[in-house]
Each structure stands twice: as structure tokens, then as C-alpha cells.
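First the structure, which I've put down as C-alpha cells, then a few questions once you've had a look.
By written order: A, B and C. Residues from 1 in each chain.
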Amino acid sequence: MSTKRNTFPNFWLPYVLLTPQLAITLVFFIWPASQAVWQSFLREDAFGFATKLIWFENYSQIFSDPNYLNSAKVSVVFAVSVTALSMGISLMLAAAVDRLIRASNFYTSLLVWPYAIAPAIAGVLWWFLFNPTIGILPYALKMAGIDWNHIVNSNQAMVLVVIAASWKQISYNFLFFLAGLQSIPKSMMEAAAIDGAGPLKRFWTISLPLLSPTTFFLIVINIVYSMFDTFPVIHATTEGGPAQSTNILVYKVFVDGFIGLNLGSSAAQSVVLMALVIALTVIQFRYVERRVHY
Amino acid sequence: MVENRPILDFLTHAVLIIGIAFIAFPLYLAFVASTHEQTAFTSGVIPVLPGNQLIENYTIMLGTGISTSGAPPLSLMLRNSLIMALSIAFGKIIISILSAYAIVYFRFPFRMAAFWIIFITLMLPVEVRIIPTFKVVADLGMLNSYAGLSIPLIASATATFLFRQFFLTVPEELMEAARVDGAGPLRFFRDILLPLSRTNIAALFVILFIYGWNQYVWPLLITTKVEYYTVVMGIKRMAAVSDAEPQWHLVMAAVVLAALPPVLVVVFMQRLFIKGLTETEK
Amino acid sequence: MIKHILAAGLLLSTAIAANAETKIEFWHAMGGELGKKLEEITTSFNASQKEFVVTPVFKGTYPETMTAAIAAFRANQQPAIVQVFEVGTGTMMAAKGAVYPVYKLMADTGQAFDQKAFLPAVVGYYTDTDGNMLSMPFNSSTPILYYNKNVFEKAGLDPNQPPKTWEDVEAYSKKIMESGAAKCGFTTGWISWVQLENFSAWHNQQIGTKENGFGGLDTEITMNGPLQVRHWENLKKWQDAGLFQYGGPAGGADAPPKFYTQECAIYMNSSASRAGVVTNAKDFQVGFGMLPHYADTKPQNSIIGGATLWAMQGRPADEYKAVGAFYTYLSSAEVQAKWHQGTGYLPITQAAYELGQTQGYYEKNPGADVSIKQITLNVPTANSKGLRFGSYVQIRTIIDEEFEQLLGGKKTAKESLDALVSRSGVLLREFEAANKASN
């Protein structure tokens, strides 16, 4: 793991600095999460009157459930699509804004604004846009010869949720890419320009490598986002349908736990999900970070 | 830039305009929706141009509006959202920057353990551990309080992760120079690292403020007193109508009004962080 | 000096006496206009007496409200009253230590309570096998049929004759489409509630073993009988011919716009949608009718949806006195009549229905009593009393998924109904196992 060559020698200071975050994390996260882990080994009714220790039965049940495996597959497709789409578009937009000197404020405000909308409400807006009966986009698509009905067509449903989820993330990624691009010293760019490198060459050879810490950060964040924080979007648009085709893992956890009140199975699913993402993050820190230039 | 490339300039603007159209279109729609009457949504293709009900709808929302659908006055909800958003934004930034500093600039036993404990919080959002977290908060007597609304949501690693990334890019020379000058870690942090981090802090402030502002499920669960309602809860309450159609025109007006403070934050902070960048040339 | 002290003392004691009212919390899921009307009821209750104060708290959608109440119960923070939707009944009833049955509460708090004053179809859903009422009906609805009178006329049909049988629906739809009066014949909200559960009850077909689940947790769903297979086959056939358009899973959010935009001429959904329908049907006149039945069966009665109020255990004793008084107020004829007329939910007592009749409400608002007539058409049988299954929220999702498989051509009607039965069976067995120890 990357670290500084030189560090300060103090002994107590780092612990003091870490205490606030660790304290809050332990009380409000680790402790409840460990209770959730414990719950994954139980079978109980919603109110908690009758709890029975069933060890790994919840786990074996979910792994043999075709719906769960389908959910895992759907999640991977979804996460990769959302990450690629939103990072790609936002990088392009950030690079564009970075080029401008005037009007950059104006463009930036307009591009970051969508982030201000709550995810659930954003979902409702996209539901309106794509609604087969009253939405404008199906209307326009019909003129192009495409019959849009995401209520029945699974692929279209996936397209809808990918667009809705990416849309929200574009502003977030844009903000960080822009901050990253603008912290590249202008002197480096000028030196390269004097050496005869055109804007595209400068982008590839200077900006992108120097952006790699930001890019790495955003890849991790985006994958976590698309695996976890997207359920308000799914909830407001397709609710996992049609026929489970957009039922990503985190949505399934929510539905089984919050709505189906099967707390044991839901807890087991979240443990698996957590393990999956931890594994992904470890891999990213071990391998991808090697290529990051600090 | 140093040279003049008109084609690339044109492309740049074109890309941006298309980007903005895509990004802003749903919001534009929300605005349009708030200027029509109710039946415009359910009985035809949704209108694309603004209607003529702007004054009426907004007057209702600002005046008695939300209170007729059972939520407290808009000003109260806006105030609660503001307090919650600010507490979360400041709280997260402060504890994360301290933690990231500790992890990057010090070597100590259990350093890696601390790192991973903090980072695990990225992996499990509130909604999934909500029932046990609720019990913890209830046991601590923090229901129906601003502390209960904000503190459990501060325990997340995004900010720490970002600061860590940033600190790792700060040249070693700066730290060595500070030590040579006799500055201790706290001095270094305050006089050198903090100013350098300004743009990241600004970006994070925007993100975290909006995250806090848009919280729905958590405030819903831990507040039973109407004085603690937040704006997004109020909007969802207007939209979550069973067996009936929501009054979309009013809901959208509320959405637009509720989005104004985050937008103002974005606009204001943006000037700050762009300014901060053009001034400090590393 | 003494005067001041006495005055202060007097003020203090009146302040203390004033704070001696019993306050209870009432968690509900009524947003928008409905929430406003609910608050009118609680406000007027609070104003009508000085002993009790009911504080309504909006807790989100039905699932959110129920989960909030459960989480609160586990943390010992539960409200006195919580509004739970009908699909949550199974879960609430199995939680014997968490709920305070209404018949017992009313008896314990000395409130007069005559179960016979309530409409049998409304009450039947929420009684145990001994006939005791467990929860207080509040907002109940039943699905009815709405149709576009203008389109009927344009198609050459009698605008005052709703279709009575499914054969009529098919014939009318064909005529409407052929004449170009509308693009599709009919659509529906709530495939599960309307086109399977109510369909079964209306045709007096069994929904599940053990009296549709009322008799015990070891129940199985049996909605895959020949009549239901026939109906789902027809729905698929009609969809392929364009006569029927699917409005989406759960409530079918895409169905209302189809009716309002006059794309479909006939629409089946909750009677509580009435207010919304009348408002949004800007350019045409709406007609009302009962649910259609197949010509070779006589209609039985329909079953209800909506929610009821459950009292939760674990609150101090005087709070239940407040609950009892509030329930009595709530079921009075005037309050019920006003609530029913303002919202489209069913009146829960015979007295409220009769009050509306004397007020002339039903003459001024034709179609407002279709729902009442439909649920009281016959005395409910074991098949049409209602249903009670655990994990029913998820089972509804399974119903929607299997229906979507059918529409997508991936399964036949029999296959999808059979799959529904076996998949729900898994959930029911789990629910049974999880709740056995506490029963």
C-alpha cells in the first residue's frame, strides 16, 4: 500500500486524530453491521419474538436460488455500464470545461446542478421521460421506429436504469475530474506546448497520468455507488422488473429485508455483498493502485 | 491555452452544450411541470414548454402549500434540512481530514487496521444496516434530535479516501522543508496541507452538503416529531399517495424550490475552488 | 407578595393539569390530500374532548410505515396505533405479542363495540377464525370498473351500459377498436389484487387452503384452478390482439394515464381512485360499473384492499384508553360518512352508508356506491372473505413476475400460475417456520 517515505515521529498524535472517526465508525457502523452479520445466521419473524439459530442455511438458500444468481449477473452488467458511461462522459465534459477560460463557471454550474436533486426524485423525473404512454422520449423514439416499453422489455428496462443512474453520477465525477485537471500546474502544460505537443497529446501524456489518483478514486467510488447507492433510482423507475431483469443485488437486499421482512436472508445477502465489494476494493488497491502516479 | 485552435474550441463548446442538454433536461422538465396544472401529467404527452401556472403554483407552495398536504411549513423544513446538511458536511470533512492525515503522515501500530476499519464503511450503506442502527440510536436516546439525524451518517469513508489520495500527491519536499524549519506536525497541517487541500475541501463540501440535504430514509425512520421534518421528506410525502394521483404540479414546484439551496451552494463554492486553484501554483 | 405566589401556584397547577392529557402517536402512510383529510379527523377528535390527544405521524409508504413500526417495536419505541396495509395482515397477526386486538382493547377500555354494525365484507378480512375483529378498518377499497362514456358512444355502444361480463368486455373492446374510437379496449391496475385475487373471490373460487389462509400458517395458495387459468389465457390472448394493455407491476402506475389520455376505454382499479379519475378525465364523461364476470358464473362479492389500524402492545395502560376513545370516534357515522365521501374509500359501517343515502350523496354522485353494492352483493363465503398469507408483499411481486412471463410469451397461463403457487409455497413454508415458535 502506498505511503509516504517520511513520516512524523509522534506517537500519540495519530491516535488522537483518528479517534473521532473511529469512534463514530465503531458505534454507528461496525456494531450495527456486526448485528446484521449475526442476524444472517438466524431465522426469525419480523418482530423478533422467535429467533432460531440456523447457521448457514440462509447462505445455502440464497446460493441455490436462481433469482439470486440472476441478481448477481444483473448487478455486474449494471455496475460496469454505469461506471464506464458516467466516467467516460464526465471526463470528456471536464476536459472540455478545463480548456475554456471564460464561461467555465457557467458551464460548471449547469453541469453540477443535477447532483442537487435527490436520487428518488431524479428517478421520478426519468420515469416521466421514458413513460410509454405520456413520456416524450418514447414519443420521439416511435418516430424513429423504435417501440419503447420498458415495462415489458427487459433490455429497455436495463437501458433506462443505466441512463438514470449514470446521469446522477456524471455531475459527481465531473466535479472531481475538473478539480483534478485544474490542479495540474499550468507550467507543465505550457512547457509541453512549447515543446510542440498539441492539446490531445498533452491530454494523453500529461493530464491522464496526473489524473490517475483521481481516476482511481472515482473508479472505486463509482463501482461502490453503482452496487449500493443506486437503489433509490431502481426503486423509482423499474422496481427491479420486469421479471427481475433490473433487480440488482442491493435492491434485492432491500426488498427482501425492508419489504419482505425476511431479515435473516436479507442480512446474509448484505454480508455476501459486503464481502464482494471488499474483495473488489482490495484487488483495486493491490493491483490498480500500482499504476497510479502520485 | 497558449495556442489558438478554433476547430477544437468549437468541438469543445458543442460537446458541452450537448452534455448540458442531456444533464439539464430532466430538471428543465421538472421546472416545466411546476408551471402547469395537475391534469397536464396524466392526460396526454407531458408538455415540453412552460405553462401558465407558474405564479399560482409557486404561491401555493410558498404560502400554505405543503401544509395542506400535512407537512409543516416550508421554512421549518428548509431550516431542518439546512442544519442537517451543514452538520453532515462539516462533520465529515473535519473528522475525515484528520484521519487521512494520521494514516498518511504517521507510522504507528494498527495503522492498517484503522485504515480498513474506516474503509469498510464504504461497503455497506445505511439502508442495509438500518434496523440495527436504529436500535443503537434509540438506545443512546438520540431519536428526534439533530445529533441523531447527522452523526450516524458521518461514519463514511468517502471523504477520508479522497483526502488520502490527495495527501499522497503532495510532494515530500514540502514536508521535509517544514521539518527543517522546525515545524511540528500540527503546524505543517495547518499552514501547508490545509491551504493546499482547499479545492478538495470545496468539492467535498458541495457533495456532502447535497448528500445530507437529500437524505430521506434515515430521517423518516428516526423522527416522529414533525418539527424535525426535512424538505425531501416533505416532498416524498406529497408524492407518495396511495390510491390517488399525486399533485405533480405542486410536487415539482416543491422540488424546484428545494433544489435551490444546493444549487446556490454549488454556484458559490465553485467560485471558491476555481479561485483557489488559479491562485496557488504549485 | 402572597398574591403573586398564589397566582403563580394557580398558573402552575393549571399548566400541570393541562399537561395531564394522554398523548398517543398514530403512524400512517397517507400522503398528499389523503393525509390532510386524516389530519382533519385527528384534529377534530382532539378538539372534541380534553382527555386525549392523537398525534398523526406520516412515516412514508405502506411498506416503510410497517417496517418503521417493526423497527420501533424492536427498540421499544413503538407507537400506539399504526396503519398497516392489507398485505401486511398476515405478518401483524402472527405477531401475537406485538399487537393488541381491537375487540379485546375495546372491551378492556370499556368502549361499546358492536361488530355487527360494520359491513361484513370489510370486517371479514380482519377477523380471526372465531370471528373476533383484530384491527380497526380505516381506509378500505375494492376494485371497480370505470369506462369512457364518450368513446362508447363514438363506437356505437350504449354509454349508460357498462360491460357486465368478460364476454361483453371482449366484444365492446373489439367494437371500440374497430370503430377507431380508441386504440385499446381495457387496462387494469393491480394485476394481483384485481385480476387474480378479486377475480377468484368474485367467482367464488378458492384462493388458498385453510379458508384462504385464515385457518392456519400451514396454508397453500390454490389460485391456479381452471377458471383462473382460463382468465389468464384470455388476458394474454387479448394483449396479443391489442384489446388489453398491461399497466405495469404492483399498482400499475402506467394504467391510469392510458385511461385519462383516452387510449384505453375501460379501466379497472380501486374504488378509491374515483376522485383522481373524475379530476383527470378532463375531456370525457366517466361511467362506473361492477367488475365483470364470466357469463357462466354468478358474481359472489369482491374483497377489499387498503389498510387498517393496529394497536401495538407495550404502551402504558392509559394510552389504550385514548386508542379506544379514538376508535369509537372514528367509527361514528358522521366521521365515516365524511371520510368515505371525501376520499372514495368504503364506509365501514352500515350507519355511515345509510347516512350518505339520507344526505342524498349517492344521487348527486352516481357510481359512488358501486363499490358498496359490489362488496355486499352476497354474504361472503370461505372463498370470498378475504385472504391471509404471510410474506404476502413478496408473493404479490411473484404474481406480477409470473404474469409478465406470461405476457412475454415465456410461459403458458397454466405454467405461470403453477410457478406462482410453487414459488409462493416456498415463502409460506419459511414464514410458517419463522413464526412457529411464537405461536
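Convention: a contact is a pair of C-beta atoms (placed from the backbone, for glycine too) under 8 Å apart; a residue touches a chain by one contact, two chains touch by 3 or more.
Source: prediction; values computed, not measured.
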Distance-maximising chain from subunit B - centres being C-alpha averages: C
Contact pairs, highest-scoring chain pair: A-B
Geometric centre distance via CA averages, subunit C-subunit A, whole Å: 37
Subunit B-subunit C separation of Cα centroids, rounded to whole Å: 38
Distance from the mean Cα position of subunit B to that of subunit A, given in whole angstrom: 15
Subunit C: positions in contact with at least two other chains: 64, 67, 70, 74, 257, 261
Where subunit B touches two or more other chains, by residue: 41-42, 44, 130-131, 135, 236, 239
Numbers and ranges of subunit A residues touching at least 2 other chains: 131, 134, 258
List of subunit A residues in touch with subunit B within their complex: 1-8, 10-11, 13-15, 17-18, 20-22, 24-33, 35-36, 39, 89, 92-93, 96-97, 99-100, 104-105, 107-122, 124-126, 128-129, 131, 134-136, 139, 167, 170-172, 175-176, 179, 182-183, 185-187, 189-190, 193-194, 199, 213-214, 216-217, 220-221, 224, 228-229, 231-232, 250, 253-254, 257-258, 263, 266, 270, 273-274, 277-278, 281, 294
Complex contact set, residues of subunit B against subunit A: 1-3, 5, 8-9, 12-13, 15-16, 19-20, 22-27, 29-30, 33, 41-42, 44-46, 48, 94-96, 98-99, 101-108, 111-112, 114-115, 117-125, 127-133, 135-137, 151-152, 154-155, 158, 160-162, 165-166, 168-169, 172, 175-176, 179, 184-186, 188, 199-200, 203, 206-207, 210, 213-214, 216, 232, 235-236, 239, 255, 259, 262-263, 265-267, 270-271, 273-274, 277, 281-282
List of subunit C residues in touch with subunit A within their complex: 63-64, 66-67, 70, 73-74, 91, 94-95, 97-98, 246-250, 253-254, 257-258, 261, 263, 391, 393-394, 397, 400-401, 404-405, 407-408, 427, 430, 433-438
Touching residues on subunit A, where the partner in the complex is subunit C: 43-50, 52, 127, 131-134, 151-152, 239, 241-244, 255-256, 258-262
For the subunit B and subunit C complex, residues of the former touching the latter: 38-39, 41-44, 68-71, 130-131, 134-135, 138-139, 143, 217, 220-221, 224-226, 236-247
